[in-house]
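Next come the structures, one after another.
Each of the two complexes below includes subunit A, the first together with subunit B, the second together with subunit C.
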Partner chain A sequence: MRRSAGLLAAALVTLTACGTKAEVVTGGENGKGGTLTVLATSDFSHLDPARNWTMREMMFGSRLLYRTLTTYKAGSSEIVPDLATDLGTSSDGGKTWTFTLKDGLKYEDGTPIKAADVKHNVERSMAPDITGGPDYAKNLLVGGTEYKGPYDGEHLDSIETPDDKTIVFKLKRPAGEFSYTVTLPTFSPVPEAKDTKVEYDNRPFSSGPYKIEKYERGKELVLTRNEHWDATSDPVRLALPDKIHVKQGQDGDTITDRLIAGSGDDANAIGWLHVGQQSLSKILPNPQAKERLVTMVTGCTDWISFNTPKKPFDDPKVRQAVYHALDKEAIQTAFGGPNMAEIATAYLPPTMTGGAKQDVYAIPPAGDVEKAKALLAEAGVALPLKVKMTTTTTSNTTETAIQESLKKVGIEVELNPVDGAVFNDHSGDLAKADEMSVHGWCPDYPNGSSFLPPILDGRNVMPTGNSGNTAFFKDGEVDKKIDEIYTIEDPAASNKAWQELDSAVMRKLPMAPIAWAKRSFLFGKNVTGVANHPVWAAQPDYATIGVKKSS
Partner chain B sequence: MTTTPIEAAPPRSPGRLALARLRADRPAMAGLVIVAVLVALSALAPLITWWTGWAPETFDKSAIDPDLGGLPRGAWGGVSAEHLLGVEPVTGRDLLARVLYGGQVSLLVALAATAITMVTGLALGLLAGYLGGWVDTVISRLIDLLMSFPSLIFMIAVLSVVRDVNRLVLLVTVMAVFGWTVIARIARGQVLTLKHREYVEAARVGGAMTGHVLRKEVLPGLTAPILVYATQSIPAYIGAEAALSFLGVGVRPPTPSWGQMINNARGWFMTDPMYLAVPCFFLGLTVLAFTLLGDGLRDAFDPKEEAS
Partner chain C sequence: MILYTLRRLGAMALILLAICAITFSVFYLLPDDPALDACGKTCSPERLADVRHAMGLDQPVVAQFAAYVTGIFTGRTLGTTGLECAAPCLGYSWQYTTPVWDLLLDRLGASASLAAGAAALWLVAGVAMGVVAAVRKGTLLDRGIVLSALTMTSVPVYLIAALLIYFVILRSELLPYPDYQPLLEDPAAWAGALVLPWITLAALYAAMYIRLTRASMIETMAEPYIRTARAKGLPERTVVVKHGLRSTVTPILTIFGIDLGGLLAGAMITETMFGLPGLGKLTFDAIGKSDQPVVLGVTLLAAFFITFANLAVDLLYGVIDPRVRYT
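Presenting the complex of A and B:
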């Protein structure tokens, strides 16, 4: 998923890459029952599983409202079977994947969940009206890009449901990572009889542990137990609270202040959004608030995209010079300091490399000005070098820090602030883009195939609308390597190959990685089992959250 | 001081009378002093920052605490001998330097916009009022058109779309395009009454050229209202510049401006109130000083208004 620049609000506190940090308050039976309150500033983007492609909502939907073929363990990027009995079996060299559903799975009205319902949701995700959802199914399935959805009676032949329990996917290319792909909400069941098309966003039909009792968009969402959900069939969701009440339309600072105080009902509350940089200084010096804070890296990487087809950054030496000149400490502070970001040294975040931080250049954190000047001289660039960097009108601290560090080596960066709404259009336009801009990427599942190809594959570069490959980077060798890695079926071997590709591309440096952002969340003192999830951008995993009786 | 009996004083010109009234107006004089000090401080900003050693764009990593999200170290937003007004959170840039350089931007934009609108408005208003006929119709309709425009929205649109030009020039131009209309209207109205006065008619009958009549007979009658209006419009332009920079379409970072600083400080007002207070104080003080001065000038030139 694209990470829009400028949205680096985020989080804090200690704790490095991996995230088991639930010991603060104990969960388990202690947290069973009660009402969990979620304090949110605004409405969900989408809860319809075919349209849900934002990290928070993907977590919320697939933990509480719908089950997918496979899913992640609580607080871990390891996958386990969910609706399916196993992680899927592949044949035909990884191009055909078969899943079998568990017995006795039911919707909120007691009707059985059928394989055809999963097929229906995948099909509807490709309908032109059902916008916003992940495009992996569309791009992977045979005939997916031409298919226009099930609403005019056409069905997609590359998904077969020979019986109510079996579903077979036929793919265009070998996909060793397909067990991960089916964790996406696209692969949850929606029965055709309950499909209200665009309206489905307002009232998804539950296959998970909770059902929607009331949903007033922008105001509140009330979830109550789905009595037909069978805990024994579900290895992940604890479904502890009896009721979950999402209160929307609250002011962000007010939410933080209420959670810091944690009095009354707020003791049973958790913040939907991460804590902002400005609030850190209110929380960290306050021990009773600090112990109710969980923090983790988001699994996203932020970088400076160079406009690689254009002078002066068509020369890798100039790009490397910029990279050496960067004062990453100052940039880290612009992100909110060590509690809100780690200094990035590679494209793949540590959450995707088993915690290893690859670092090809090993530059000191505050930069290497001498080396940068030497590289510029080697490239024969006339100084001062004048370049432009796109930024947004609302948030440009990071860009200002970059500007300041490049000044030391004679690179004069002019900031070009554009409205946040057009930032991606502007910086993704091959003809109009400035020389530099800050972008980022969050993977949809913890496999290199969800990270490196979208940002590096030169065949994806279009004249306009580039949101992944924002460096417009075209390199035949890299494209070839991507195709090779796709064919590796063993997930461990393919992840290793992606890491090697990461290091290889770092030497060419189409983008200069700057930060691995962290996020922190505050919760009330009665809330139990809060642990960030590494896949959903460090959002606390609602599968394990409970509320204990106040003592 | 020995008081000279008023009766004994020689008859004074209206201008001198006004000046005397202004001198006696304490709030107006206070405004004038503050304006003078602010102008001097802004003009001397390079000298002051040379003395403190902190340029407005220089980061100071030691002045902030990265572990607390970049909050300035020390009380009162990092006020110290090194940074007299504290520092900006996250970057550690010196607030004194930024607020002084920001003042340069605000004052420069406001004074330039006022000067341009005065000249344009006065010229067009004179022509419309004195010549009448189709000239008056064209100019008056143009004024109506511009005044009925949602100017702020238009300014935001223009400032966001136009690229690769000097932002200060652009800001001044955009504000001037919408600003001259009020002055032109005032001038036109005054001219309409003045041009039928006996002394003007006499000059015309005496064979004076239009240019001469306008300059020597009509224009002096306009000085007072225009001067008053100009002084009062300066704080309005300062406010407009701050608003546009607040909305992110004004001057570009790292050039500081008060509106931009206030915008950045919004998120910090709970944890670092100084960051918000410093630019707000300067903005408020400047607007207040110019307003006091403008009010004083109005009262001085037009004492009848004093009662109301």
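Presenting the complex of A and C:
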């Protein structure tokens, strides 16, 4: 998942100071009942499981409306079987994956969920009209790249459904991480009879604990219980509220004010979006509001991409000099201060390393100017060194902080503002890109394969349109290591290997990590079980949220 | 009269076609690529080409425009899966996966309710205060009215809205947060959600109408026929309302037609701040999400309302003022 230039983000599983409430406070019988109100500024991007590829909507869809082959535990990046009976079994060296569906699974109309329905949704995600969804299936499955969807009667042979309970995926490469891949909404069931193609986005057919009673796009979504969902088959979703009412089209500041005041029905409400920096300054001094705030790093990392094929940043010493010169505290301030971001010291965010913050260089947060100057001298660079950095015409606070830091060591950074709409085109163009630009990455699932290969694999570098490997970094050793780690089937072992690769690449430093952004969410006093989810960009996990009867 | 009306309707159609062409080419020239926006976070060149084809963006701009205009009259079939967009097809919102026409119809109710209520308020208050100020020219009352009108025109609409939200809703809790419902479904919720937006918009517009009415009225009241009316011994009330106001109203009506026409297509800031599901809020979100078919549709609808209101006002002139009656 590429991060757009204007957004700045990052990660870590610190359930700390801001008062995360992981335990479910019971209201009625087992805390069930009531209506949860969600206050949102605008419509969902997509709820169609084949098109859903934004963290918030992925959380919402796969917690409430559809089940996937595997899913995450509540508030955790650990995966558990969901539709499937286990996390999948691999054969053929990790290139073939087989899942078996649980018995008795049903849709909202009581019809059984079949393996062919999961195959159908994966297929439709590759149709040209069904846009916006994750492309992992397309890239991993044999023949996926050429396949154009099921609507003209063609089917993908690399997905086999020998019976109603079994589904087999044949992949192009060994994929030890495939148990994580199938947490994506692409791997949820859509029965062909209910498939309204493009318009399925307006009314997905439920396999989860809730079904859509009413969806007026941009206005409101009302969810009621799906009576055919079987709680005993579901290890994660508590489905506490009887009803979930998403009110869209509210003003952002008004939402924060309403949640702070929390009067009337607003006591049963939660904000859909995280609160901004200015709203935080209203909430933090207010003790009764502050205890209704949960905060976590987002799981994304922001960094400076160096144009590595081009002088002067073809020399790792010069890149390291820049890294030592950075005043990361000033950059953190540009992000909105410690409430909005943590200082990043590696590519993989702490949400993907079990909380550990890897730090190869151990440079003081405000930088090491002497070491930076020494490295520049060692590299034989003539000072002042003049370089350009791409920025957008609308936002450049981070870039300005970087510019100030580098001035101290004799590097003069000229900012090159371009229209936000063409920022990625410009900085992803091998011929046009400036020497530096700020980028970031968010993983789609907590495994290094969703983070490091997209940003580091030199074989992905194209003449134009580079959105992951924005440093144009090509290193045969790294590419070889990536292929080796793909074949590791044990998730823990593969994550360890990805962390080692992270440290190894940090020494070469094609990109300089700067920040792990944080997000805070505010909720009403009757809302229970609110905890950020480390995988879905710190979004509160709707699997456990309930509403207490007001006293 | 009939010929005049027909000629005006013809001109209106041409204006709308021109606006459509201009807006269409502006979007075509923008650096933003709707296919890339729709395609997803990472998008291979082959996939992008498929998506562009499905959205019809691989056609030359002239062909796209022709298909768009034809679609308004005959409807269209879009995409590669046979997506129907019935006439009048003003394009398809890929963001909302809904035909633009349906979106516009759906949102028109809230915008029309807002515009009608606010217009009634500002027209009555603005004209009444303008007349009072003109008749009491030079008094403390006149100065008070003029000064408050000047203040209201200088205050940005988002400030008025923010102050109302803060004092009326948040501090004193006189009203709940607006939760708009259509008039026919829940009249109380409808009115409750609209009171503050009406006041916000009316405050802004009334100020202009006060100044306009006052200036025009002072001029009229100095006319010889007013002196004659007074000399005939008519009561001052009749002189002011029947003789003075009637000729003052013509220029006000012209402005009113344009203002109301524009507002019917949505008051972006007011609707956004009060969370009203109107055309203004739809446009605000569409711009944020580069949903160009929606922006194009709202632009056309706004142009239609303004030109239509203009025509209606011109035809009304004849009723109000016999001097400009068409023969």
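The rule is simple: the second predicted complex is superposed on the first by the 528 of 551 C-alpha atoms of A that agree within 3 Å, B and C clash if a C-alpha of one lies under 4 Å from a C-alpha of the other, contacts with A are read in each partner's own complex, and residues count from 1 in each chain.
The rule we apply is simple: contacts are C-beta pairs under 8 Å (C-beta built on N, C-alpha and C of every residue); 3 or more make two chains touch, one makes a residue touch a chain.
Note that the structure is predicted; figures quoted are calculated from it, not measured.
> Have a look at where A:L284 lands relative to subunit B and subunit C in the superposition and call it first, second, both or neither.
The first partner, subunit B, only.
> Should A:G276 be classified as contacting the first partner (subunit B), the second (subunit C), both, or neither?
first
> May I ask you to decide whether A:D419 touches subunit B, subunit C, both, or neither, giving the answer as first, second, both or neither?
both
> Answer with first, second, both or neither: which of subunit B and subunit C does A:S263 touch in the superposed model?
Once the two structures are laid over each other on A, A:S263 reaches subunit C alone.
> Can A:S503 be said to touch subunit B (first), subunit C (second), both, or neither?
A:S503 contacts neither subunit B nor subunit C.
> Which of the two partners, first being subunit B and second being subunit C, lies in contact with A:N396: first, second, both, or neither?
Touch status of A:N396: first partner only.
> Is there a shared patch on subunit A that both subunit B and subunit C touch, and which residues make it up?
257, 419
> Which residues of subunit A touch subunit C once you look at their complex with the stated criterion?
1-2, 42-43, 53, 127-129, 131-135, 138, 145, 148, 151, 197-199, 201-202, 216-219, 247, 249-251, 254, 257-258, 261, 263-264, 266, 419, 421-422, 425, 454, 462, 465, 467-468
> Touching subunit B in the complex: which residues of subunit A?
12, 253, 257, 276-282, 284-285, 329-330, 332-334, 336-340, 392-394, 396-397, 399-401, 403-404, 407, 414-419
> Given the complex with subunit A, which residues does subunit B contribute to the contact?
57-59, 61, 64-71, 89-91, 160, 163, 247-249, 252-254, 264, 267-268, 270-272
> Per the contact definition, I'd like the list of subunit C residues that touch subunit A in the complex.
30-32, 38-47, 50-51, 53-54, 79-81, 83, 94-98, 106, 165, 170, 173, 176-177, 179, 272-277, 281-282, 285, 288-290
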